[in-house]
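Following are the structures in question.
Both complexes below contain chain A, partnered by chain B and then by chain C.
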Partner chain A sequence: MASTSDTTVPARILSTLQKIVGNRHVLSSRSERLVYECDGFTLEKNTPDVVVFPRTTEEIAQIVRLCHEHGVPVLPRGAGTSLAGGGLPVGGGVLVVLTRMKDILEIHPDDRYAVVEPGCVNVWLSLALRGTGLHYAPDPSSQGACTIGGNVATNSGGPHTLKYGVTVNHVLAVEVVLADGEVVVLGSPAEDTPGLDLLGAMVGSEGTLGIVTKVWVRLTPDPQGYRTMLAIFDSVDDATTAISRIIGAGIIPAALEMMDQGIIEAVEAAFQFGFPLDAGAVLLIEVDGLEAGLDRQQQDVTQLCRDCRAREVRVAADARERMRLWKCRKEAFGAIGRLSPSYCTQDGVVPRTQLPEILRRIRETGEKYRLRIVNVFHAGDGNIHPILLFDERDSDQVDRVLRASHEILSACLELGGSVTGEHGIGVEKIGFMDQMFSSSDLEAMHALRQAFNPRGLLSPGKLLPTAGACGIEQRHPGRRAAL
Partner chain B sequence: MATALETLPLRETQSIESVEALTRCLRQASAEGVPVYPIGGATSLEYGMPAREAGIGADLTPLASIVDYPARDLTLTVQAGVRWSQVQAALGEENQELPLDVPFPSQATAGGIVATAWTGPRRFGYGAVRDYVIGIEAVSGRGDVFHGGGRVVKNVAGYDFCKLLTGSMGTLGILSQITFRVRPKPERRCWLSAPVENWEVARELALRLRRAPLAAVTMGVVRGPYWKQTAWSECIESVEDLRFVLLLEGLAEEVAGSIETARHVATGWCRWHEDDEPSLVQSRLDDLAAFPGSTEPPLAIRAKTVASGAEPVAQAILAIDADASLFADLATGMVDAHFSVFPQEGLSATLVKKIQPIARHYGGHVRLLRNASGAEMTHQVVWTELGLPLQLMENVKQAFDPNNILNRGRFVW
Partner chain C sequence: MNSPSPSVDTPESRTELGIDYATFLSCVHCGLCTASCPTYKETLDENDSPRGRIYLMRSVADKRIELTEPIRRHLELCLDCRACETACPSGVEYGKLIEPFRNRMLPAPRDVFHRWILWKLFPNARRLERALLPARWASSLGLLSFVRATGLWKLLPRRLGRLVTLLPPLRKHPRLPSRVEAVGERRATVALFTGCVADALFRDVHWATLRVLQANGCDVIVPKNQACCGAIHYHSSQEEEARTLADQNVSAFADLDVDAVVVNVAGCGAMLKEYGHAWPEDGAGKRAQLAQKVRDVNEFLDELGWVAPLGRLPLQVTYHDACHLAHAQGVREAPRRLLERIPGLCIVPLDESDTCCGAAGSYNLTQTEMADRLARRKLQNILRTGARTVVSANAGCTLQILRQATLEGIRLRVVHPVQLLQESLEAAQQ
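Presenting the complex of A and B:
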């Protein structure tokens, strides 16, 4: 891997890193490091000073100790699919890429847990579990690429969180390298470990409290059956009313996803599913569980959708048709490429009952900033993903995207929600932290980070506004794409 | 149930009427370095290490309102001092519930349940307390109010104080308000129960049932004299009987289908007795939930391991005390036990030497729930020696409660 080094990291540190992981697993030339200047959030970029690819916990502990001694920032990275810039090397430093630590170490079907390395790609675990009757429930849409370590760090969700919960509900323990290189295990496969739930604090901490080097995950029994439905509505309001009615009737679908007209058009152009192009919104609804209860749930859901003026409710007749319905949801992102050269996927949450209002506001924001915004999202959780279409080469458009995003997220807060349901704060949303939280909330968060990461060398510039309490100005790292 | 005055060295008790009052109380105590003991329904004050230093009791029961209950959003926000039965009653009106079952629900408070992360018999079906807390407000040992989470079911903004504070025994902050995500109530519930020959049969049956498609939310064995005085009495003929119990919950069709499946799985192993009369179903559940909170036994413990550890732990307990009463949750690996007499050899020789190693072997631990003798209340006896990252925990404690006023000396460090 190595070519000529032109990093600013002192030679002594570089050579020690090479000793720890082997020459082949250190990138120090600018051209190689450039690949790691950003993750799935491309609006801001900065190159790491060195990139290392360790294979073991012990190597990571040595790397972190070295950085600790020399005051060098360290940032863990999985697959780099974060959409909030969690993997952006703010302030440079050493980027620790975990993709070589990718093994599934143990599977215990009877006790329903597995042990994996952090670089294990989410879907690999599901594939390895085929035939055991068990699966790993968190299934982010990026599951074919993202790592379980990254999922732990961002507390990922996915289409099935409505019924099955997010990553934190499925992680039993983690092995972590702390900021000074010490290795600890938080939690246990038996759960309820006495003492503080530091595991709960670690999940979703976006790399700022430690580097996760091993994960014990809960395995969930496969449902006996599914009923997958696609309900087509004339208007977004009818679709969101149906969502409220379904939940209100005491039904908790495994998935309840919504696509609006803009997305339907794109999906239709790409895959020809036969959706009516004039439909206002489509709901993908899946109930799962024991076979015995599914027919009634399907009938109830269908009736509730009809009561809310669904134009049509299609039911997948078999596994093939189910896959086809899911395909249109899962491939929706791919289809967006047809609509515009770049897009920005936003992530916000509102109470379910506020969905009609937030979708109306998104529409207005799009009009105001002359941007096309399409929506495909986890409607059952109230987790919106407006997708803002633009051209990265046009700085005026980039600017409008940023302002429109800001307005939409502010609206989420106004409606009692959150600025992120699953992508995290990263660098992208630091500016919102003092709108969501009081200065004493932020002080408490700083205090927690301080307790784990006293010198601030682990993932600096993430999650929390810098320096003390509230109202802090956010440093924008590196250069901004097209600005 | 012992009162606060019997269990805590209180020199005064302050009635907390508002968050401001709590802030004032903690600021002053912090300045003076006086311990503060948060008190909810006073149902679990014996839990943990005994408090040794005289301090102030902070009575949170006046903070008893339901703040917000948008039923369609499936969330509920309450003040910390609200009684659990009141929470369940409010939810019941909308045909919803929190599937967290506790001893003394008409006494226990929401704050106390979250602070102890108390697990009940339906853990297998519905998960733990931490899975239901989506928003939290607390006052730190510095006297500062802070929040985590919010009122939406999905939220990853900032550190997850909901998890950090759940089970923290009030050592980082005194909880003042909590937002829960809630669930629709199941349409039908039914207990299946059957005598089983021995622990090996119980273990094997549990394994088979766990692999079968069932709407099971509780799965375990009750055993011992205690159950004679409960809604389970008719199931217990002799104290040595092992009674396998299985609670099914869900849609009517799911429960009906599960009964069939359970019959099929158990063929040749046992014959189920079926009870679905709603008040009996509930009182049996209440009795299972109440069991670990009972103040009758001289010694009560709770072990938690991976699922396969429950049976060996239960056997180890019975090897020490053949008349012990217990509930062994074979699906989640939790064993609650009452000893019939206080072990003569003492707790180090029994709990620490004989039971804890087995629990540890299965990834778990044993906690002491009640020790009538009051002797040997060491960290190792109360919580099990686990090689916890204590320094890290202390750093976190220091960050939230620098003068160590909150539940001083009662937790794992």
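Presenting the complex of A and C:
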């Protein structure tokens, strides 16, 4: 194998890795490792020293143990759809790609849970559940490609998490390989296990506490019916006021999404749904549940929107129209290519009542930096995704995009929010951690990581800032497609 | 092992590669396409995914890596099925990357099989028909199934052997007339594209197409001087040959006063629709004109509106989406809507219906291991539906699925949508 091994990992490790997973499942030549140098975040790149594709928990345990012994960094990777550089091999080392561990191991409709391997693509589980009357609720817009292991590691959300919660609310237990190669199970398929909530710590830990090798997920009964509405407003302010009123009235829509005029223009060009191009903003509102109460909820939502000066409220006539509306929403960012050659999506959170304020600030930031910024986001939980349009070939614009992004995220913090709603910290936002948390908070987090990952070999450089270093130097905003 | 790449120089390479660099830039590296790629679903290695392949091609163009043997393999493993184009929300035109890249960067195969069988024999319907004569006799004597069942085909030269296992039962069908008249009031006049392999192996599908079009009020012209669509050449780096065939088709069809040129093989339809931009040089205008008139038969009937009476066909079937229909031409609902009109027909949904079956033009003759894996995957999905009749609107898929079923000893019927429609027409007449 010498001819292909232009990696810097010690030869002894390489040959042991090959023994563990088999020659075919190790990439060591530079040209084949190259595609693993970044994920959905392309600002920073670093090629891993070697890429392995294990098939079993036992293989992963052996790999981790080996790296532990030799002081080599290890980084897990799912589908590589992270928008925050979670999959960036910061210290080089061994990249453990979990895509081969993709099976759905068990489905228990009566006990309402399923057991899956971490590499199972989110939508594959939904497909396998067709006809059972159950579904797996977390539905990130990337669900067609991202893995459930990746979802657990980043605690993913999606449009329907407003009502149903994020990933942590749907994970009953995980099997994890710890930093020294030990295999443990945290949580249990039975509800409410006593003791410390280690499972809660593991979900969202972005690979820094262990490698998830098996997941017990909760299954949710399909709602009996849906009402999907499109409310059209003259101004963004009216739309955001309506959002607060709806939630304030005690209605919890299954989803509540907003698109502003810029997005409407792009979506209309792509899908010709019939959105009015002169509207200031539209809300996509879905209520679901028992058929009996739905018409009433629909009336209430319609009235609340009208009270906030909605120009029109349309209701999807049938399943096909509902699907088309959702397609427009979920693929909205794809349509943005029609507005501009490059774009950069940000991910921030503010308290719902601050939505009008943050949108005003975004508009001002856009004016200040002479950038066009459009918005489409999970309005119901205050998770905004301003999209900054620019041309990556113009370095002055690139610079302005970076400064504008920073300003918007800082504004989120000022308004009592956070710099990430669902895309995670990864390497991208590590520099914001000490703005978001007090030093004692950070110390507590460090202590937890220290307990699980004492040598810092698992996913180094992620999630938590190391003393002195304040994240990576950003030179170039990613051309990213994300919502 | 590391064979150096032909020298690629930026920015000239961008034209040398025949790739518009902006197409690389349109990929935002989000990864949403990966799980729809058949080869990635099998190997689960990013190098075999659309995002990975775009990255590899771009890195070669940028001279970040050389076109080493493993990289060549990852690119050659691509089926060119375009499932990634369907999945990509950013509208990346993947075909416009891989096709020119392959044509310029990956050496054209030079073996006897490609030169004599694929490029010379296949495109010529007459020659192919004559060449198949012995096979037809063998078929009528039951010899072919004997050869297949006993594994005797393995003794033939490798690719020829596979070819034998691909042959469907061969029956003689009369030649097509040069024109048929509409039944009842005339609603449209169309020309039928007959192709090469299809005409030799699937003339019954052509007959069914004629009947179905007639029954719905179409005059159908079958031009005699038409040629193979050129897809086989185009996809194995024989661009010149392909263009010659395209121009032959332009002279056969362009001057006809017809509402549409109807095609019943998805692979040919996709190629004909590409005529407009496959070769930007002279004659592009006329090729584009022809391309604009091309319609898949499902698409055409769906747009025209079905009027003929249909009889009961109490059958359980499942529908397979040919890549060249679903992904390359975007035709997905039309065949389903047509089939739903047939009284008594029950269409069971097929898992991964739009995942490539591994046929992919001549892929099943060149990338045999992956082709077999995908064929097994397709057959397993089919068997899970419980239906034993599969509807496929592409000759290559039909052969591939039948082959896999035969190898596994499973009785399966694979038909074109127009064949079921014709049967239903006949049922109505009785």
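Methods note: the second predicted complex is superposed on the first by the 462 of 483 C-alpha atoms of A that agree within 3 Å, B and C clash if a C-alpha of one lies under 4 Å from a C-alpha of the other, contacts with A are read in each partner's own complex, and residues count from 1 in each chain.
Just so it is clear, contacts are C-beta pairs under 8 Å (C-beta built on N, C-alpha and C of every residue); 3 or more make two chains touch, one makes a residue touch a chain.
All values reported here derive from a predicted model rather than from experimental measurement.
S.K.: Tell me the contact category for A:80 with respect to chain B and chain C: first, second, both or neither.
M.R.: In the superposition, A:80 touches chain C alone.
S.K.: Once chain A of both complexes is superposed, is A:341 in touch with chain B (first), chain C (second), both, or neither?
M.R.: Only chain C; A:341 stays clear of chain B.
S.K.: In this superposition, which partner touches a larger number of chain A residues, chain B or chain C?
M.R.: B
S.K.: Go through the superposed model and pick first if A:438 touches only chain B, second if only chain C, both, or neither.
M.R.: first
S.K.: Examine A:271 and indicate which partner it touches, taking first as chain B and second as chain C; both and neither are also allowed.
M.R.: Neither partner.
S.K.: Determine, under the contact definition given at the top, whether A:110 touches first (chain B), second (chain C), both, or neither.
M.R.: first
S.K.: For A:297, decide between first (touching chain B), second (touching chain C), both and neither.
M.R.: The answer is first: A:297 touches chain B but not chain C.
S.K.: Quick one: is A:121 in contact with chain B, with chain C, with both, or with neither? Answer first, second, both or neither.
M.R.: In the superposition, A:121 contacts chain C only.
S.K.: Along chain A, where are the residues that touch chain B in the complex?
M.R.: Counting only chain A, the residues touching chain B are 108, 110-113, 133, 154-155, 157, 161, 165-166, 168-169, 178, 184-186, 188-201, 203-205, 221, 224, 244, 247-248, 250-252, 289-293, 296-297, 349-353, 378, 381-383, 416-425, 429, 432-433, 436-438, 440-441, 443-445, 447-452, 463-464.
S.K.: Which of the residues in chain C come into contact with chain A in the complex?
M.R.: Going by the criterion above, the answer is residues 1-2, 25-26, 28-36, 44-47, 51-52, 55-56, 59, 64-66, 68, 70-71, 74, 87-91, 351.
S.K.: Show which residues of chain B lie in contact with chain A when the two form their complex.
M.R.: Counting only chain B, the residues touching chain A are 70-75, 95-96, 117, 119, 127-128, 130-131, 140, 144-148, 150-164, 166-168, 171-172, 183-185, 187, 207, 210-211, 213-215, 250-251, 253-254, 256-258, 304-309, 333, 359, 362-365, 367, 383-384, 386, 388-390, 392-393, 395-400, 411-413.
S.K.: Which chain A residues qualify as touching chain C in the complex?
M.R.: Within the complex, chain A contacts chain C at residues 3-4, 27, 29-32, 34-36, 38-40, 42, 53, 79-81, 97, 99-100, 102, 119, 121, 123-124, 127, 142, 144-146, 331, 333-335, 337, 341-342, 392, 478-482.
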